[in-house]
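Look for chain A in each of the two complexes below; its partner is chain B in the first and chain C in the second.
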Partner chain A sequence: MTSPALSNELSRADQWFGFRLTVPAAVILIVLLALPTGLTILYSLHDVPANGASLGPFVGFENFSIVLSSPVFWRSATVTLLFSIGFVTLSTAIGLAMAILLNQKFIGRGLARALLIIPWATPWLVIGILWKWFADGSVGGLNAVLIALGITSDYHDFLADPNTALPVTILAAVWRQASFAGILLLAGLQTLPDELGEAAALDGAGVWQRFLHITLPWLRPALATVAVLNVIYAFLQFDVIFAMTQGGPGDATQVLSLLIYRQLFAVTQIGLGSALAVILGLVALVGGLITVKLLYRGHVQ
Partner chain B sequence: MMKTRKADGSLQGRMDRRTFLKASGATALAAMTPGLMAGGAEAAAYTGTLDMLAWDFQPDTIKKLVAEWTAQGNPAVNVAVIPNLGYSSALQTRLRGGDKIDLYYNFAYNSQKFIDQGWASKLNGLPGVNDMLGEMFESARGRHVNAAGDVISVPYFSAVHMLHYNKDMLAKGNIAAVPSTLKEIYDASKALKEGGIVASPYVAYWVKEFCEEYLHTYLLNEGITAFDESGKPVFADDPKTVGVFEWWQAMYQEGLAPKSVLNDDPGKLSSEMAQGNAAFFVLHHYFLTSIRSLKGPQSDNVFQSAIGGKNFTLQIGEVLQMGAAADADRKAATWDLMKYYGWKDKAGKFTVFNQWAKAAGLAAPYPGFFTDPDVIAAFPTYYDLPLISKTFETGSKVVPARTLPWYPDFQAKVGDIIHPLLLGQATPQKTVQDLTDAAAAASGGTKRL
Partner chain C sequence: MSIASEPALRPARRTASGSRDRGRARSPGATIAIYGGLLVFAIWILLPVWYLVVSSLITPTQLGVKPFPLIPTSITFDNYLSVLTGSTRNQVFGSTDAGSRLLPAIGQSFFIGAVLVVLDLILAGAAAYGLSRYPFRGARSFELAIIVTRVVPAIAIIGPFFVAFRIIGVLNTPFALIISYNVFTLPLAIMILKNYFDQLPREIEEAAKIDGASRLQTLWIIVVPIARPGLVAAGVLIFLEAWSEFFYALVLTNQLTVPPLLAGFQSVQQFNWNALAAATVMSILPPVVLVLLFQRHVIGALTAGIGK
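Up next, the complex of A and B:
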């Protein structure tokens, strides 16, 4: 045990060193995160001219009022929510399944683990372009796969159909994100002592019981991290959808990030776009917090 | 500098070509001298480096062309190239961030907005500017000269919407004349579909971002004026307008256009024509190059025809704009480069345009371009150059409202309104109303999503 006096003395001695260590990261965070966030909030309260030469007149919450009273916003928010639910659920579940599979001993496991990294190493935009071709109604491989599996009998233009465009964009994004989830969860699984599972098996626990009562609780911290990151990625998703559908057909895949992009950079209504960005940022933050709460609810060490 | 002015003193925006030539008078002759053409003395006064921003269509060619200009004793040019997709957003972000760019490619619909925001300079009074405009097709001038008479841009390239059709399929379908009007296109498409010649005869680039061009193309085809001279939306006043949207919806809903057109890019559409999966393709004239060069089984059967019958088609063109540099010598050098890149070189030849014609069949909005022997040689023989020239001259309009400062706002919303029409989620009547509302909101400065 260290005495309180010594602890304080060490703490004081390390304070300056610790401060110096954190300064570079703090500066980067302030410049790249805090300042843009602050400016976005400031812009959202002003009627900013397109050239950005000044803040423009202060308009209070007028921009928020316009956004929240617009059916375009609510439709886009619904699409964002649907996308997020599909994205978070599927990428977490598939990532978990892949992690469990790759934690087993089998021939070629090393290669399989290396392959898991490929989707994650591919940029979002490239994923979008690849999946646009894959889902194409006349030359895409997705139709060929579905026909080969007997799921459909004819070619279907998934991205031109408002009923299927969103699910296909979700699948494309999940394809990448599940590998990320898989990598993190596999790392978590590798810290799970074999003895726990063996002892439970000796006590008569089945595979499902061992998964439910040993594996899952053990993975809870990793799952929380994965789920929170997935929620944030879901709400901020832009590249894949932009490359695949540009928000179409109609507004079937117009998530909030696309609406923000258009408002800020195409129409250059900076104030309105910033208000949208503030709202989306808050939604992502709240979504992340709720996810953490849910995952840790009733958690017993 | 000679200018033709209206009673209020402003430069006449849409004067005819004859007036321009008369007004240019002596300067038109002087324009033929090296001093007023690209590479002239004004560039020599500036010894620094110019900055140019372009999108990524043949970046090596851009750099080569600019290097040739520099080699003529002109300043060096830093050419930066960024993707066409998202170019407008990236450019605006750079300029808003204080980036000083001397010369940049721009979409015509941004041009007046950029002037108003102080990101681009007016070109009024620059040496040879009136001569350049005087040599331009009258139909094209409204894109480069605003209603107040200010010269806001020079051409980068220009094109007209044309009908690409498969001659062989038309013969098989016993269609004697190439369809021209919307109704004829509908009838011919239906005949080809019902005759089992091709399942989805008509393709077009109906992605959200591009619906706005088709809106104008189809309205012009029916002789409908979309916006009056002040930029006020008037298409709703024309009883034929609803019919245009009924036609558009029917083409999609009846399967005369494939379901995928809401998402297909022009490369795929060209391929559909080359492979014989479509009989008609309406888009810029230069897509004939894409279709032919794909060398598909039907590529050689694809030809080009005018659309709109006795009415018009849409003439488009992207532009070059001068940045807001304050230094006079620097501006003079930039203007010199602009003339070279958007008009003629020192020897009075369409060197840059000729290169784009060779590369992709792009055109310049000058009658002289179409009669230049080098240009004629640059175009593949399958192009009907006199037809394209005639379409520029008398068969097309630029819709001057497309350069107004509020227009990008409207442009961004057209796809949101047209797609529901095509998907059967909105009636033609509601579409007309929604477009009118969107135009009124944009032009009135109303903030809305």
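Up next, the complex of A and C:
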């Protein structure tokens, strides 16, 4: 609606009015965001003393080269990548399935859509706490269900086992994020005119063909938004893993945000931690941009 | 007023559901598939929630039974009583005072959320209206910058916050969180409200201008009442983010709000899962009830622009 042409037509006085309305929020954001971001970048280039009172000696990119040559970093980066792949694909796929299901006509649809909201409205940390105990090896409900279904025969401590800890943290995070994806995709589906599907059905298109050639292309912009958000949430995830495993067992679930937290507040290596934080920020930005590129490619026609 | 603006917001949805209501025959197989899918969906969402609620309603002895009693034979409200009063009877808490700190933390979380809602609705409302109706040179770049802020990791800016707050002496006060939460609540509110103002019809504002109302009068007397659904939605989302925030609260305060307090409970040996479950249920209720109450506005604002 606000096309560039329109803004050219606005008088100077009108533009000045809009500018003045925006200035307070803009100033606050610059002070609270740009300033600390700049400082963190400065920190990453210095050997900052543990009390953080001064910058300390300038060391150039030494912090970055220490980080990039550290096996701990690469192990943590691998865990972050594995977590992200599982989180993004499962959240998006389950979200899409739930959206398609809840877009059908059935009794109790309003109630089902309200259910969809619950995981999204639950704080991330609480999801971590809830799933930590749900997957617990002695009082957990997950074990009870798996035994009742005959899938396992004995109690298993999923979060103490390095092989199952990461999948279970992914599952917990997906439980929340799939609902968020479902809410957004359902909104996208609701704008899809029924006539399109009906016309295709008359032409003899099956369910799968209609999904592939009508639903999916229609949802493309919504899917792009969802995927980008999922990628960002994946790289920046902290709460769920902090509550469930604190990075353990060993370093099986130590994603980058947790590693940075340790560097900054447990061993107080502020310079190294800041270099790590800059790397994580860049990775999240690049990941988001690549996702946008991939999903919008071929969409512009 | 708000009713009048609704059809303009979601015209496509009306037509879509309208034609669906006319109904078309569905095969029995499809019906079975849909209700089967719904069963799986309900279990997926409700099983963890059910586990949480049951845990909060049974005794530690019942919890110790294997397998976990998904349908308990008897229930008790002792866990809620103990986290609300801090009572140590039944040896629920051992020697800690953790339980007595839940209500104060809930109070702090409410206070911080409420202050942020008022503050950010004023700041973001003004900015979003300016961006929508009076785009100045650089307005577009500012909007893009707002979107980019979502990628800045909290962990990348927490260090400078910690140092600055220690210097001005607001560490471990609500102000530390009221100030720092603007980092994500303010951009969120601006994006949502800008989207909302863009979709509001401009005719009334133009009529007001012809009648001689000033720009500020128009904003206050005409736009704010019409925009109430959008303001409510943005307010709920701001509150939700503030209520849920854990990381800043962990670093900048000593378990001042609910999430870091719950995380702290986890590391207290004597504090058992029954009591923690009761505290957790109480921490979920405010955001879930709030969102369900304003469901239509909130989801509408959250998903505006999706599917276009």
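Heads up, the rule we're going with is that the second predicted complex is superposed on the first by the 279 of 301 C-alpha atoms of A that agree within 3 Å, B and C clash if a C-alpha of one lies under 4 Å from a C-alpha of the other, contacts with A are read in each partner's own complex, and residues count from 1 in each chain.
The criterion applied here is as follows: a contact is a pair of C-beta atoms (placed from the backbone, for glycine too) under 8 Å apart; a residue touches a chain by one contact, two chains touch by 3 or more.
Everything numeric in this text was worked out from a predicted model, so none of it was measured.
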Joint occupancy of chain A by chain B and chain C, clash or fit: clash
Partner chain in contact with A:P249 - chain B first, chain C second, else both or neither: first
First, second, both or neither for A:F73, with chain B first and chain C second: first
Touched partner set for A:G52, first chain B, second chain C, both or neither: both
Contacts of A:S153 with chain B and chain C, given as first, second, both or neither: neither
Which of chain B and chain C A:L115 touches, first, second, both or neither: second
First, second, both or neither for A:F265, with chain B first and chain C second: both
Contacts of A:N163 with chain B and chain C, given as first, second, both or neither: neither
Greater residue coverage of chain A in the superposed arrangement, chain B or chain C: C
First, second, both or neither for A:E195, with chain B first and chain C second: second
Contacts on chain A seen with chain B and repeated with chain C across the two complexes: 52-53, 132, 136, 138-139, 261, 265
Of all residues in chain C, those that touch chain A in their complex: 12-13, 15-17, 19-20, 23-24, 34-35, 37-38, 41-42, 44-52, 54-55, 63-64, 66-68, 70, 123-124, 126-127, 129-137, 139-140, 142, 146, 148-163, 179-180, 182-183, 186-187, 190, 198, 215, 240, 243-247, 251, 258-259, 262-263, 266, 273, 276-277, 280, 283-284, 287-288, 290-292, 295, 299, 302-303, 306-308
Contact footprint of chain B on chain A as seen in their complex: 47, 49-53, 63, 66-67, 70, 72-73, 132, 136-139, 157, 159-162, 165, 244-251, 254, 259, 261-263, 265-269, 271-272, 276
Touch list for chain B against partner chain A, complex: 86, 88-90, 92-93, 95-97, 113, 117-119, 207-209, 258-263, 268, 272, 277, 408-409, 412, 415-416, 419-420, 422-423, 425, 447-449
Sites on chain A touched by chain C in the complex: 1-2, 4, 6-7, 10, 14-22, 24-26, 28-29, 32-33, 35-37, 39-40, 43, 52-53, 97-98, 101-102, 104-106, 108, 112, 114-126, 129-134, 136, 138-141, 143-145, 147-148, 155, 175, 179, 183-184, 187-195, 198, 218-219, 221-222, 225, 232, 235-236, 238-239, 242-243, 257, 260-261, 264-265, 270, 273-274, 277-278, 280-281, 284-285, 288
